[in-house]
Structure formats: C-alpha cells, structure tokens
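Across the two complexes that follow, chain A remains constant while its partner is chain B and subsequently chain C.
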Partner chain A sequence: MQVFQIFVYIVNKIIVYQVIKIMKVIDALNVYYSDLNSLVDNLIETDNNVTLKNVFGQRYIGRGLPKKVKLKIYGIPGNDMAAYMDGAEIEVFGNSQDAIGNTMNYGTIIIHGNCGDTLGYAMRGGEIYVEGNVGYRVGIHMKEYKEMKPVIVIGGRAGDFLGEYMAGGAIILLGLNLAKNEDIIGKFCGIGMHGGVIYLNGTPDKYRFGKEIAKSVNITSEDILFLRKHIDFYKKTFNNQLNNLKVESFSKYVALNKNPYSNMYCTY
Partner chain B sequence: MSLNFNTPDFEVIREESRCIQCKVCVHQCANTVHSYDEEDNVVCADDTKCVNCHRCVTLCPTKALIIRRHPLEFRENSNWCGKAIKEIYKQSQTGGVLLSSMGNPEPFTIYWDRILLNASQVTNPSIDPLREPMETKVMIGRKPEKLEFDSDGKLLTKMPPNIELKIPVMFSAMSYGSISRNAHESLARAAEELGIFYNTGEGGLNREFYKYGKNTIVQVASGRFGVHKEYLNTGAAIEIKIGQGAKPGIGGHLPGKKVGEDVSATRMIPVGSDAISPAPHHDIYSIEDLRQLIFSLKEVTGYKKPVFVKIAAVHNSAAIASGIVRAGADAIVVDGFRGGTGAAPTRIRNNVGIPIELALAAIDQRLREEGIRNYCSLIVAGSIRNSSDVVKAIALGADAVYIGSAAVIALGCHMCHSCSTGKCNWGIATQYPELVKRLNPDVMYKRLVNLISAWNHEIQELLGGMGINAIESLRGNRLMLRGVDLNEKELEILGIKYAGE
Partner chain C sequence: MLREGELRIPSGCAISGIIDKKGKKFNGKEIIKSIALMHDRSNGLGGGFAAYGIYPNYKDFYALHIFYENLSIKAQTEDYIKKHFDIEKAESIPTRYTPNIINVPLIWRYFVHPRINVCLSEENFMDESEFTSRCVIKINTDYKGAYVFSSGKNMGTFKGVGYPEDIGEFFMLDTYEAHMWTAHGRFPTNTPGWWGGAHPFTILNWSVVHNGEISSYDANRRFVEMYGYKCTLKTDTEVITYLFDMLVRKHNLPIEKAIRVVSAPFWDDIDREKSEEVRSELKSIRAVYASALVNGPFSIILGFEKGMIALNDRIKLRSLVAAEKNNRTYVASEESAIKIICDNPEKVWSPKSGEAVIVLMEGEQE
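Up next, the complex of A and B:
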C-alpha cells in the first residue's frame, strides 16, 4: 500500500512538473519562498514568460531578475519583491506588500492594486506603476545615475515621508479616487530631499512638506511631455480613461539644494 | 564678522641655518601653511593652518622643520581646559556641529593594556613557530551543528558558505570617497597577496577593482550606494552595516565636493551630490526586518556568500548580537567606540558606545550561554593596534579582527585627525588628484603586506609561547588571559582572572 502511495506521489510530482514546464505557470500555494524563487530561476532558463498563481506573501519574488524576463503574479507578493531587479518586467494582479523594488537597478513593475511601505527604496533605475495607493516612506532615497532615472507613478495617494532623502528620479502622484477631505500626500513629504523631482496632482498645504523641498515655478514643456508619457502608460495599462485628469493641474516639487547639510559642520 | 578667537594648535619651527629655500614644504602642504617670500628669500609659515601631519617634516631634505604643540597656554584650569575653551570658540563662531576624524582620542581605559597573556613553563612545552607547524588560518561563517558522512567517508552535511582567512586580520570598511582610489587599490592588492580580505565600505566598488573580488567584502549600508546584483555577486562576502564604532546611531554624509566623476561612478549618484546615508536602514526596524535584508542578499547571491552584520559596540550589544545570529547572519562584526572614521560629530565620537574589549567578552559569553556561538563568527574592530591586541581579542572570543586605523597608518597616515577636510597630504583621505597621486599603490601595498606578515609572525610566537599550535585552539580560551589594574566588575565582564590567581 505504502509503495503504491509513494508511486502515486512520484507520478503526481512528475505530472505537476511537466505541466509547469508546458504552461510556465507555477502554483505558488504553500510553496516556500526560496523554493518558489529557485523554481522561477529554473524556468527562465528555457522561457522568459512565467506566471505565478496563488501567491500569498512569498518574499523576494523577482529578486535580481535580468532583462527580457516577464513575470505575471496573481495574488499578493510579499516584501522585497523585485529587490535588486536588473531589467525584468513584473505585473502583479493584486496588492503588494512592503519594500517592493528595493534597490532596483532596471526593469518595470506594474501593480494592479495598492502597495505597502518603502516602495522603491534606494531604487536606481526602472519604472514602477501602482494603480492604487501606497504606504509610508515611498521612494525613500531614490537616486539616479547618468541615463538611469527611476520613475514611480502612483494612481492614488501616498503616506507620510514620501520621497524622504530623495536623491534622484521622479515620483508622480495622480491622486485619483481621493475621499472627501483626504489629501494626496501625508506629512513630511520630501524631507531630506537633495535631488529628483515629485509631481503632485494639486497643491497640498505647505505644512505637509519638509524644509528641503520647494514648489518649482518652472514647469517646462519637457515636464509636460514627461507627465503625459507616464500618464498615457497608466491609462493604457490600467484601462482607465482619466477623463478628469489635467496635466496642467500638476505641481512640481524639487530639492532646494543638492548639498543640504554642507553648512552644518565645523571641522576641527 | 566678529573677531576670530582661534589660536594655533601647533607651532612650525624652521631652523633657518638648515633651510635652503627649496620650497618642498610650500609645494607639499595642501593646507598652505608654508609660503615663500621672494623679496627676502625666506620660507614663512602660518601656524594657524597647520594640522601636524608631518608631511613637510618628512620631505624636508635638510630636516629643517619641527612641528610642536603650540606653547601658548590658557590659564591653568582642570575644568575649563584649552580644548574645552577652543571648542566653544569654534562653535560660537560658526554655529556648526563639531566634526572630528579618526577614533575617540579621550583617555578612557584601554583594556587591552590591562590584560596579560600566559606562557608555558615546565608543565607543558612551548612551541617554536620557526621550526614547527603553526596554523593561523580561520574560517569565517556559520558552522554546522554536526557533520555527517556516508559509509565511504564522504561528507553528507551541506556546508554553509565560509570564507578562509590565512591570517585572522582583515582591512575594515573604508569607502571609496572617504579614502582615495590609490588607498583602496593598496588595500585590495595587499589583501590578495596576504590571503585575507578588504572591505569596500558603503561607497560601492570601482569596476576596475572587480578583479580583486575574491578578496573583497562588499558592504551594504542604508544609502545603498553602488549596490546592485553584480556588485553583491562580485564580493566573497557581504556586510550589512548597521552601525560604526566612531558614530553609533547616526548615518554617514559624504559631502558633494568629494563626489567627483570617479566616486560618482562607483556610488552611482550624480557628480557633486551629497551622499547621505540615513541613520537607520528604513527597511529595518526590528530583528525580523534584519532577517529580511539578510535573506534578500542571500537570495540574490544564491546562498553562496556569508552575510555579515556590523554593529557598533553599545550597551545592549550582547542581546542585539543574539538577535543578529537568530536573524540568520553568518558573522557579526562589532566595532568598538575607539573605531576610526573619516568624519564624525565630535560629541558622538567621544561619548557614544562602549569599549570593544567589554562588548566582545559580553557577546561571546552570551552566545555561548544561549548555545548559538557556532552559528556565526565574531569579528571585532575598534582599535586593534598590534598583534598582541589580536591575540587577546581571539582569546576573549573573537574569530578574527578588522583593522582600519592601523592599516591607514601603514599607508602613511600620521594621525593628524583631519580627514574630513579632504586635504590629506598623504593621499589617503582625499579626492584631489594631485594629493591622491602621492600615494603609490605599487609601493604602499607592500607596507600593508609587511605589517600583516610581521603581525602574523608575532601571533605565531605568542601562540607558541602558550604551547598552542593553532589559532582556533585559542579562541575563547580566557584562561590564557589575566587582568591587572582592573576591578572585580571589569574582571567579571571580561571573564578573566586577576594576575596571580
């Protein structure tokens, strides 16, 4: 009896493996994160398109994945999704947890839902599109280097400390579906900021911003083009016409100084 | 502009009968202390600018120069000493936070100097390392609970990643930015030749140094400068920097003026932009979060590299270390309050943290009590000055040590404590090309090799004297230590007996 059970188990495993190989679909239900991630590694050796189903909080999905890899995720990926990612495209059909795109280098992330805290922490390149709202400290310490200019586009609103220590790149907040009396950002926006740019749909009260950031009076045609490009992508991706959204109503915020603390010290 | 109350700290004495007006001192001093007066054909000095780095003294062909502490004194007062008064002058003039460089210079107890080592006499033989095998190799990383073999004697246990050190000394984290490219190259080449490791610090790794990858520890700090998949996979091990002995609890700040083309490329930030490392990692607010970062690094490097976690020695280090082990780190690095730095707020450097000797003893004890000491290696830093400090650290429970200040002294640092000005006359803590080129890596890396080789021989002599032929047998062997001039509490924390006991 036992031998038979083992036989069935093995056959089952083989069938599941074959199915995975053909469909490139991984059922992530009850699969431990390290197993799931190495499964993905194995699959992308032969095919760049992989779909994960029933994802429930597994961490580090898509970590370090290179160019040409396309990952579709159904469910809720866990913390540190796309950490150190190096060019892959990830589309999440569901919400995402914290630290998505942590120290990401290149690539695209699309999230059909909301996102947790520290989205895009120390992100250096690539693009992240979030359909809904995001948590605290989003875009913290985002940077840029030469042609690498990361962009985060958020459909809804962001929590406190948006763009804290921001050193480069761009954050665009569309402020869609805000409830009455709800503001597009929390408090301490752009605190410690020393580079990059934040575009907000509207002009929140001044007290919500850190002392290192200021509203820019020069919105150039380049800014408008940049906004249009990303808003059009948002429209297409999330199938939302955004009929009431006007690019002209956006405000641009930039760091006052790329050396904010240069006069703070006295050497001795 | 109010009156400047600052008076010189040092006095430049030029023996006129020896001075040949060759102007070497004028050309060498980046602080522009020396100047040549053509009309009178004399070289003059502005004492107020002198930091006492000995560059002019060393290069003066006729040895005409002496730098001395300036004889000007304030009225004697044990409370309001000259230093305390001058600090107030500086702050009231500038409104700035006092910034210092190198380690804590205050006269706190140096416990290494109150610990003495044992030697064999009669009852067991001492060993002569010149004629008998003596092992100073150590393996850094997690050790398995037990080893299992199959019937053919083949190892079945999956070994966690370890790195091999030929000598239990490594060069501690100094970023490219805080120190020069040539200093970095000297450290890398010396590490390669010695079979040890150097540490990139938090400033990323210049692509030209990738070839030293197998002797490199790559650091990940809160600013994540230059951190990407390739960088992480280039190093032999990865170090998460939580804190630093010289400035526990605060972040780093490389001013934009030190971020030139090359530093910018290494850190991957725009030229001239400040490189600000936040005080915490904003994705780590707990031991569980630390585990998340440790495993994200392991995931992206295929579980092939040990992950170190570096903390400053603070009051609860032992409990924190226990958490770090449980978070999955392969090695803990503890940096004592004397650890050096390129720049730290003076008040923090001089007043925050605890001595490495006490932190080390407490951590090792705690991890043993909890039965988790084998899960990770323990590396200590924070002013290891010589080979006997190394041996004492290992007997107190360390696996290996990091040296930073000692390494830069080998490269020519004269401890003038002025790194933060960026005008290091020895080409170490500077980014000015004309100063950087003064440090020739072809020559200077050999000084590091010399230093560590000499220490290695001394370590072997000290071990041999104790009748021990492998450094692994000394680790945590506190019976080899005795204290002098220590009170009972200190002996209790260090876990050692008083001399004579």
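Up next, the complex of A and C:
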C-alpha cells in the first residue's frame, strides 16, 4: 500500500493537485466520462503513473494514450476503453465491458477478470491479456501490417464469431476452467476471415467454424515459441502456474484464402 | 454546423431490470440509479419504467394509465371507459416539477373493472383480460390524442420524453414500492421520440423494454394483426409485447416455448439436436410460428405477473449482463449499471445469444 500526500490549491480559480510520490490517484465515482478523461490527459503531462478508483462504466478511458503511461483501473471501465491507444499500459482489476481496445495501435491491456463483446475490435497492434472469459465477436476485423501484429490472449473461453472478418494478428485461447458442458468457442468462429491466426487449446467440432477458416497441419517451431512466450506472460501476470496446460495440445487455424471474394463484384 | 466527425452522439439504448423473487418490495431509487449510469446510451428522447406490485390496494382492478393531448379527447375517452368499465378510482398521476421534462400531456390513471354485461353482449363472450385488451387497442386506434400506456393489474408503466432519470424524478418513482422494476433509456433511430413511443410497451400485465431494432417488424406486425392487435405506436418494440401476450395468454404456450418462437434456433442447430422429440418440436415451432420469429439485433427485458425474462437475439447483436445476489436478479445492458447498485454479486454472467434469463416469483410455475 502506497501512502500519498496530496496538496490541493487554487490558482486563478483552477484547482491544482500536487502529489508527492510517483502515482496519482483519481476517485472516479460519479465523475462524468469526459471530465474523467480530460483529467487523465492533464495528469499524464507531468506524471506517467495514474490510478483510477471506483470506476463505473465511464467510456473511452485511456483513448489514444501514448507510450510510457501506466494506468491502473479499479472497478468496471466502460465501453471503448483504450480506443486508439498508442503505446500505454492499462491494467484493469475487475471485469471490462464492450469494445475494449477498439482500433488500438500499440500498448498492452491486462484485464484481471472477464471481458464483454467485441474485444480488440479492428485492433492494429499491441497486446491484450484477459484472465477469464470473453464475449461475442472478439478480435473482429483485427489486422496486421509489417511489424505491427496485434495479439489477444484469453484465459477462458470465447463467445460466437471469434475472429470474425479477421485480417491479421493472432488470438490465443487457453480454455482454462471450462465447465463440463462448455466449449472453448461458440459458433461462427473465423467467419469471413482472410488473414491472421487463431490458436485454440484443443480441437473444437468443425461446425463451429466459418467456411473461410481451416485447421492448419503446419504447426512450426515458431508457432510453439510464439505460444510459449505469450503463455509465459499470462502465467506471470495472473500468477497462475497452468500446470495442466500443454503447448502441444493447441491447434492452429488460418484463413483458407487471402482474398475469398475477389470474384464476387468483378469477374474476369 | 458541426460536420461528421466533429460531433458524436454515443448512443445505443439502455435497459435495466431488478426482481426480488421472494416478493420483497423496494422503491424506484435503485433502478433510477442503474439506468442513470447508462445516461449516454440514450439521447433524451425517451425514458420509462415498469413497476410490479405497486397497487396492492387495487390489485384486482386493471390500472389504466392514459396520456391525453387535450381535455376534449379526455372527455370522449372517459365516456368510452365508463361504458365498458366500472371505475373504482380516477386520478391524475402525481408528478413533480422537473426542469428537463417539457411538453407534458395530461396523465391520468383509472382503476377499473370490466362491466360483465358488456363483456357478454359485445360480439361473443370474452374473458376479462381479452375484453380489457380489446378496449385498450380500441382507444389507442380510434381515439386520436388519447393513449393507454399501461393496462395491467397491480403494476404500472411510467414513461415519457426525456432522459430516464428525469422521467423517474418526474413520476416520483421514489414513492412507489415494487418487487420488480424494469427501465429503459431511449435513443430512437427510425421513429419519432414522443410520449407514447417511449418504452416500456405494455398490454395487460406484459411490459417490454428493448434495445435494438427489429428487422422482421412488418412480418411480425402482420402476424399479430391477424389476431386482433393493432400496432399504433410508430415503433417496433410494441410488436414484441403483443407477440408474448398472444403466444402465452391466447395460445397458451409455456414461456419456454414462447421464447423459442421469438428467438428460434437455427435450422442446422435443430439438425444437430440429438433427441428426436426435441427436434420435431423445434421444427413445428419454426413452421407454425415462422412469422413470429423476431429477427435483427435486440436485447429485451420482459415483465409479467409471474416474473421477469431477459433475452438476446440469436447472434447476440446487443449486450446483456445478468447478476444474482440473495433473492434478487439484476439484468442490464452494462455490467457497471448492475454493480453501481449491487456490491459484490454472487454471480455475474453474460447470457448467451437466444438463451433467456428466466426469473419467476417464488411459487410460480412456468
């Protein structure tokens, strides 16, 4: 537990906070989302570590946040957290809602809990780690370009439409703590997919996948290294030994065709 | 003028519901707090609440809540009501001055009992509920400027144009005690924001709050209109209310089956079903009630005398979260809207697409 000394004083009617110690803490209870986000903007001009407490559904937290900023969030951040985020590190102690990491560019998101629908929507770079389960349409339309390859690592299971229209990057599903009648994915996995990779712990039934995705026989040593690296990060971050998890039991799914509809509108 | 990209209205409708299955009552403050948290999902063009168990002293009477645009239509409508019902009590619904609530219509409520001789004489014999629902539809269709927005027993709807927290303040919901509350914040997409068009939509004891759009609206509308309903409210949600009233009250389907009708499984899911019996039942449901399948993105909370049901469309195009603590079940569009009124719930989950959260009052059977 860190101890903070906070001085608050008023200059020309503007409230100025001076915080002794490294981290600044904002009590977000009843603070409107736009006020909260501009307060964070102001604080990060002088301080790279900010903690938000009592967060209840405020939207767009951490949107566009640049490198070097570390944001810790206690409570439930609202929709579109880390939208367009550009290098920051966000750690959420609690569940998250929908569209987290929307069009995120660089940076890391760590969620100690479950996450809602459309996590990593159109994500372009950076990494997201979710300790528990995620909702529907996770990784929808995520993409990659040259060295920018977004990665989503999910501890539990995902809902329908995982990797829908996926164009790049990687999704890793560990499938931990599944109940007896639960499956690691829902239906329509990889529907409309034309790039990127999905790694699943196990081999779900074929009917759960879209027509544009297929299991790859070709698991390379690079794949194994890639999986190990991210699983190790998960272990360390969530302090979970994952004793029963074997990298060998993962299967790899890729798009059948990079451009499946090229003949639809323009045939030669 | 602000151009596209300079102005953003981050909306998408909000719903929230709380039920105490042991029937313990609580006032409207909690549901207002929950729906107010999702303020930005609506845009001030509609808010409303349904409350069950609020009129214990008049529990055997239908409580008609009516908007009137002017006094002359009020007089005409009251004439009609007097002919068809015995009025136990008529009063204007208490409201308090709320700065953001403007263009307020006349808002009245009547505790009524159908006149048996009229039930018997008009057309053929009808039971009370059928008679009452026909009278409600008659007023809403033929009495321009009058609109019955609630007609159940021991329950009531309170709604209007404004943000839901302002509507709750306006109708003084902190003074009502109910065992079940549902709420809605509206962002109208295709239709005007008017007092009658706010959610919940009700007929008899059924109330529906809805986030989404119904692409199958016209097919559904034509279907219920064959059974005597009229869609008069310029919005898609009302048809869901009539569908449930029709399926459960008129066609006597169990709730579980009514849910399968509006949110029917895909054909290939039916094909994969192992039990021949279930498979053929699902096929019959889809065949008989093809026009009652509700398509398009939706999450709804349905209230009725036996309890509460929350339901998503078949591919979960709208968010829905549920939680349980002690005797209470909560559902809302966002988890934060539950946690703000419920510390440390015992269980929090996101219902799967097409899978209903059904909470019945204790002692009720499906």
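One rule holds for everything that comes next: the second predicted complex is superposed on the first by the 241 of 268 C-alpha atoms of A that agree within 3 Å, B and C clash if a C-alpha of one lies under 4 Å from a C-alpha of the other, contacts with A are read in each partner's own complex, and residues count from 1 in each chain.
In this text, contacts are C-beta pairs under 8 Å (C-beta built on N, C-alpha and C of every residue); 3 or more make two chains touch, one makes a residue touch a chain.
Predicted, not measured: the structure shown is a model, and the values here were computed from it.
Trainee: Could you look at A:L71 and tell me whether it touches chain B, chain C, both or neither (first, second, both, neither)?
Mentor: A:L71: touches no partner chain.
Trainee: Would you mind checking which one, chain B or chain C, touches more residues on chain A?
Mentor: Answer, by number of touched residues of chain A: B.
Trainee: According to the stated criteria, A:N95 is in contact with first (chain B), second (chain C), both, or neither; which is it?
Mentor: Touch status of A:N95: second partner only.
Trainee: Between chain B and chain C, whom does A:Y207 touch in the aligned arrangement: first, second, both, or neither?
Mentor: Touch partner of A:Y207: chain C, not chain B.
Trainee: Where does A:H194 make contact in the superposed view: on chain B (first), on chain C (second), on both, or on neither?
Mentor: first
Trainee: Applying the touch criterion given at the start, work out whether A:F56 contacts chain B, chain C, both or neither, answering first, second, both or neither.
Mentor: After superposition on chain A, A:F56 lies in contact with chain C alone.
Trainee: Between chain B (first) and chain C (second), which does A:Y165 come into contact with in this model arrangement: first, second, both, or neither?
Mentor: So A:Y165 only meets chain B here.
Trainee: Just chain B (first), just chain C (second), both, or neither: which does A:Y265 touch?
Mentor: A:Y265 contacts chain B only, not chain C.
Trainee: Just chain B (first), just chain C (second), both, or neither: which does A:V138 touch?
Mentor: In the superposed model, A:V138 contacts neither chain B nor chain C.
Trainee: If you stack the two complexes on chain A, which partner ends up touching A:I110: first (chain B), second (chain C), both, or neither?
Mentor: neither
Trainee: Common interface residues of chain A with chain B and chain C?
Mentor: Overlap of chain B and chain C footprints on chain A: residues 59, 79, 98.
Trainee: Across the complex, what residues on chain C touch chain A?
Mentor: 10, 37-38, 40, 268, 272, 315-316, 319, 321, 334-337, 339-340, 348, 350, 352-353
Trainee: Inside the complex, what are the residues of chain A that reach chain B?
Mentor: Interface residues on the chain A side: 34, 37, 59-60, 63-64, 79-80, 83-84, 86, 98-99, 102-103, 105, 118, 121-122, 124, 137, 140-141, 143-145, 148, 164-165, 167-168, 192, 194-195, 258-268.
Trainee: Which positions of chain B touch chain A when the two form their complex?
Mentor: That would be residues 86-87, 90-91, 93-100, 222-224, 227-229, 232, 253, 255-257, 264-265, 268-270, 272-274, 276, 278, 282-283, 292, 295-296, 299-300, 303, 343, 345-346, 418, 420-421 of chain B.
Trainee: For a test of understanding, state which residues of chain A touch chain C in their complex under the given definition.
Mentor: 33, 55-57, 59, 75-76, 78-79, 95, 97-98, 114, 116-117, 135-136, 159-161, 186, 188, 207
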